[in-house]
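Two complexes are shown next, each including chain A; its partner changes from chain B in the first to chain C in the second.
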Partner chain A sequence: MNIKTYIDRIDLRRFRFWFQLATFALLVYGGRLAIDLGNSLPTFSCGYNKKGQAGVCYLLPLQHQLAEPWSQLFSPAGLGVLGGFALFLLWFVVLNKAWCGFICPLGTIQDWITSLRKMLGIRYSTYSDEQFKKLSLIKYVLLLALIFMPLAIGGQFLSHDWATPYCQICPARMIIPVFNGDFSQWMVDFSSTGKMVLTALGMFITGLFLIGSFLKKRFFCFFCPMGAFHYIFSKLSLFKLKKEGSKCTVCGDCYRVCDLQIKPIADNVVKKDILMDDCILCLKCVAACPEQGALRVELLGKTVFESTKDGFVKRMGLEKKE
Partner chain B sequence: MNRFPLIALVCAMFSTGADANTQLWLSDQPPDKSLLQKMQRSHGGYVYVEHDVYVKQLWLRKGDSLFKSSYAESVADNFEVLDTQKNISKPVVEHDANSHSIRFQMPDEGFYNAYYTERSVADNVLNVTTAKAEVLKHSCRLGHNYDRKLVNPNQWADAPMEIVRLRLPEEDFHTNIHSGALLKFKVFYKGRPVSGAQVKLETQKGWINTKTTDRDGIAAFQIIQDNFPVEAKPETQGAGAEANAADVKPSPEGEGWVRGNQNKEKSLFESPHPSLLPEGEGAHALKSTALGSEGADHKSSEPATEKSSEHAEHGSGKKGGGGHEMRQKDNFLVHAEYTADENGDLNGAPYRQAVYSVTMTGSYMPNVQVDQSRPQALMYASAGFLVLGGSAVLYRRRRIKPFKEVSFDEH
Partner chain C sequence: MTVEQHQREIETAQHRHARHQGMEAGEVLDTVEKAFAGNPQNMQYFYDLFRDVYCNGIKPHPGKEMIGTMCVQIPDEIIHAAGGVPVRMCNGFYTDEEIGGEFMPAKSCSLVKASLGMLKSETNPYSDGIKVIVNPTTCDQKKKAAGMMREMGYNVYDMELPPVKESEEGREYWRRSVRKFTHEVGKLTGKKVSRKGLKQTIKTVGLAQRAYHRLNNLRKQTPVPILGKDIFMVTNAYFFDDLERWTAATEALCEEIEARVAAGHNAAGRRSPRIVFTGSPPVFPNLKLPLMIEQADGVIVADETCSSNRLLNDMVSVDEWFMYDMVDAIADRYLKSCTCPIFTMNDDRIRRLIELYRSFNADGIVYQAFAGCSVYEMEQRSVAKAMEKEGIPMLYIETDYSPSHSGQLLTRIEAFMESLKARGRHK
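Then we have the complex of A and B:
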């Protein structure tokens, strides 16, 4: 068995579990080992996890930088913003949205909560098509807010109390530091109206996150502005999800396993580059596809993992029965 | 002509009062505030960046207190700089009509100490006055994987008198001092810890506390729970701070705070001369026009990032809706004094006693936890949890269709 065949037959669920565990440990506890991956990570390695962070989610410095006074932001000194963005892009292009499916600590926590639900035998929830369409816009609204609110601060239109607005409402700020025993972010800050609104909203969303992730697979990813930000640059990535429509029988297996309920992965037999804005590149669709080469993952144009009958049979446990 | 005696009397009163308690200290607030436009903010305050190297400029100030001070006009060139590797060197000294300053490069990360020393003899007493500034060089762009030993304070062994702020637990380059923090200062006389030295800490708002060093040379202060109103006005600060201070239940280190009299004397300094601005007020006024920075406030509730300093120092934009200015930094001045029985002469002037003093400045911010509520936070989180969880349960129940037996009548 060559390497390609071995990869195509891989037990993706087990691989993801261990990979996610390793990256979770790296990003949440790596700081304790003096690991520092910088401030431009394209994933929720929360900067508020001061005790253990091995790097910082790019959305935090981005909001800080955009809140600089306009006289500075729109001057040569503002080139620093581009430097941070370039680093973000360098990290991002390698793995594309697989940062969400394999590395994001908040995504991993959601997967663990999903596992708990499964163990308890409680069924999961789904959105209707109508709900899906409406709710999928929220992440773009959040993305616009996290860009324009800091800009308004820099332009003196908004109080600095509204600084880092997205981080203030992001559940990662509350949840990830907890893994290092830090509950300091579990508070409502009454020092100003802006801080009070944002921190109260942040706590409310944390409550939504905990129950939502229990009821719906990858509940928060659907609203994640980082996912929307990723999608803008996903065409530049070296890592791509491709579909061969002619080989697809529209059986719907890929849709049924998709945590984000992305329908075009099954329905669309025309589009080659099938990566959608909600996709987290978990590759469950590729693993669940029974058709040879219908779905594949490419790195620099070279197929690294694709759907195969053989792999499907192995993963479904049909091999032994035969 | 008639006014002359009155002016002379006021000047005489002023000069007499100033001489009685005059202190010297080093400050990074320039007399010409337009200079700030050429600088960048950094973790260690304003710096010039020349060929990618931080250059710090410090001015010598003198006065009774932070509130009542001016720039020193005539000084000797007795300046030294202790770098992060504990090498001592002479900085560049710049003189102009109204002020004297030093400039030195800060190529490495860590703390740099600057010293100014003045010696004089009067009434057979040798006065040795040292002004010290401790300046941090840290750039988040260089990452945070630095040697933690660099956070430790550096001590100049040859200083006639030295004061060192001992570090807070888990202090790093992003740590800010907040109200309520327990600050410990260690005083050295000729390189050795000295007990019995008087240490006075005075805040920008005029709160004063005095301690005596213990046998290890340490004096501890719990920084007063000061008040930082959003629209800070000198007239209201006093009453607010007093009211706030009354709520505090201080530890032994927090006892002993008394109110200074700077408000009463303020009227003498309401003139527009910039050199008479209270220490730190220049920065306060320049908040909205500040140049770029790299961040200061991280230990409170903000994480360490490349550009997060504005929390502590920028304060740009409109104020929030009431309450306190949580990002405001107020300065404090520490003054330690020790009297020793020494005989000798200085340039032919004999003395039988020596009074050594040293000053150092620092800054503190409001206690962020004062305005935070955990029960409310749990209430909001519970609300989110129950709203979505309850909705899901109700939705699922509503969709359950009761079993209905269907029977077919075949006749």
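Then we have the complex of A and C:
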């Protein structure tokens, strides 16, 4: 069996579980081993997890930098922002949205919560088509807010109490430090109106996160502004999800396993680069596709993993034990 | 003379019908078996199976509760999980069509008439043991046939299928139909569909599909190692054969065909045009057109029909092995990829045909429409147009179960094969 067949037959569920566990440990505890991957990571390696972080989510420094006084931001000194961004892009370009499906600690936690639900035999919920369309816009609203609110602070239209607004409402800020025994983020900051509003909202969203991800697979990813930010640059990525529409029978197996309910993965037979804005590149669709070569993952134009009948049959447990 | 005739036992109408049916089946089986040299040894299982059921009067599932299904959309997995045996009621006998003719207008589809005729005659192989006939709301003729089956005294279950499959509404509608069916079929058989049971039958059906794919994939080879008429026999047997026995027989056939491939065996002629067969389904013994194609030096390498590829191609994929996910997964598999012409759009079918033409390295398409099968007749235009655009030669044949006009048909098919060969030379 050559390496390609081996990869195409991979038990993706198991592979992801261990891969996610490893990256979770690295990002959440790596700091304890003095690992530092910088502060431009395109994933929720939360900067509030001071005890264990092995690198910081780019959204934190980004909001900080954008909140610099305009005189500074729009001067040569502001080029520093571009440096951080370039590093972010460099990280991102390699893996595209697979950062979400394979590395993001908050994503991994949601997958664990899903496993818990499955253990209890409770069915998952889904959005209707209309709900999907409406809710799908929220991440862009959050993205705009996390860019323009800091800018407004820098321009002195908004007080510093509203600093790093997205981080204040992000469930990662409260949840990830917990893994290092740090519950200090679980509070409402009453020191100012801005802080109070944001931290209270943060509490609320964290509660929503826990309940939501129990009921719905990858509940939060649907609203994640990082996901929206990724999507803007995903065309630049070297890692791509491709579809061969002519080979697709539109059976919908891929759509059915999709945690994010992305319909075009099944229904769109025209688009070649099928990565959609909500996609987390978990590759479950590729693993669930029974048509030879209908879905594939490319790295630098080379197919690294594709749907095969053989792989499908193996993953569905349809191989007789020899 | 006259005295002798009076002494002879007078044959009842039913008896005569059974005898004629046996003759019809026997004649086709003889052609399938003897008109072609070098049949695979493992095909014998299938030839014998048909001979037993249709010529020798051996009932396929004695003592078991059979659930008749009228179309390809009825989920086998669920019926098996409820302890029933799904048996496809779509019938290909001209002798039955003659009886069924009394139920339907003259210009209606042979298949529907023949299926009704079979159900009417008491000598049919499934006469004792059909618990219920599940009739999905596909074409108008099948829909209206349900009433006639009820009139004959059958218990008919109308399974509602949406006419649009692209919309979310259609999907949800069908999912509900399937959920309800899962519930109801358990009541009918007295065995509730359980999570464990369904998981098991998804696997059993999946294994059968795996065997089919293994076989079908071998037809991509040049030279082609197995004839299309044999494939139709295999897939037609799936209509009524015991599932596990069928899978084992198909796997055995695969072994043999794989060995043939390794030996470079050619089942067809040196320059036989490779044909994709589509349209109204060839159902035993109405293998008229496939047999003609292969007797005219063509070879069917792929098909897009509900008696063969569409029946077995698409496989269920389950994310969470619970009832809620398994039943919905099954529902989707039977709706979304179905290329039945009763749906409003036929883009999927056209795309599928082009893909089959390419991946099986075919030379042309033969499109069969039963006279009176209005949906296939209507789709002909759009399919022909799309094929022309792709530069794919297609022969459209309107026919029925009657044995007449076969000379004319053969001439057309031969001409098409010759044109494909000529085209091949110029390529």
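Simple rule for what comes next: the second predicted complex is superposed on the first by the 320 of 322 C-alpha atoms of A that agree within 3 Å, B and C clash if a C-alpha of one lies under 4 Å from a C-alpha of the other, contacts with A are read in each partner's own complex, and residues count from 1 in each chain.
One rule holds for everything that comes next: a residue touches a chain if its C-beta (ideal position, glycine included) is under 8 Å from a C-beta of that chain, and two chains touch if they have at least 3 such contacts.
Fair warning: this is a prediction, and the values are worked out from it, not measured in the lab.
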Three-chain arrangement built on chain A, chain B and chain C clash or fit: fit
Which superposed partner A:V56 touches (first chain B, second chain C, both, neither): first
Which superposed partner A:K118 touches (first chain B, second chain C, both, neither): second
First, second, both or neither for A:A288, with chain B first and chain C second: second
Touching partner for A:D129 - first (chain B), second (chain C), both, neither: second
Per-residue touch tally on chain A - higher for chain B or for chain C: B
Touching partner for A:Y166 - first (chain B), second (chain C), both, neither: neither
Contacts of A:F24 with chain B and chain C, given as first, second, both or neither: neither
Chain B versus chain C as contact partner of A:K247, first or second or both or neither: second
Partner chain(s) touched by A:T193 [first = chain B, second = chain C, both, neither]: first
After fitting on chain A: smallest Cα gap, chain B-chain C, Å: 10
Where chain A meets both chain C and chain B, residue numbers: none
Parts of chain C lying in touch with chain A, wherever the complex brings them together: 166, 168, 171, 203, 206-207, 210, 213, 217, 313-320, 322, 324-325, 328-329, 332-333, 336-337, 347-348, 351-352, 354-355, 358-359
Parts of chain B lying in touch with chain A, wherever the complex brings them together: 40, 140, 143-145, 230, 288-292, 295, 298, 301-308, 310-311, 314-324, 326-327, 366, 368, 371-374, 376-378, 380-389, 392, 396
Chain B-touching residues of chain A, taken from the complex the two chains share: 34-36, 38-39, 46-50, 53, 56, 60-61, 64-65, 67-69, 71-72, 77, 80, 84, 125, 153-154, 156-161, 163-164, 174, 184-195, 199-201, 203-212, 215
Parts of chain A lying in touch with chain C, wherever the complex brings them together: 118, 121, 123-124, 128-129, 245-253, 256-257, 266-267, 269, 284, 288, 290, 309, 312-313, 316-318, 320
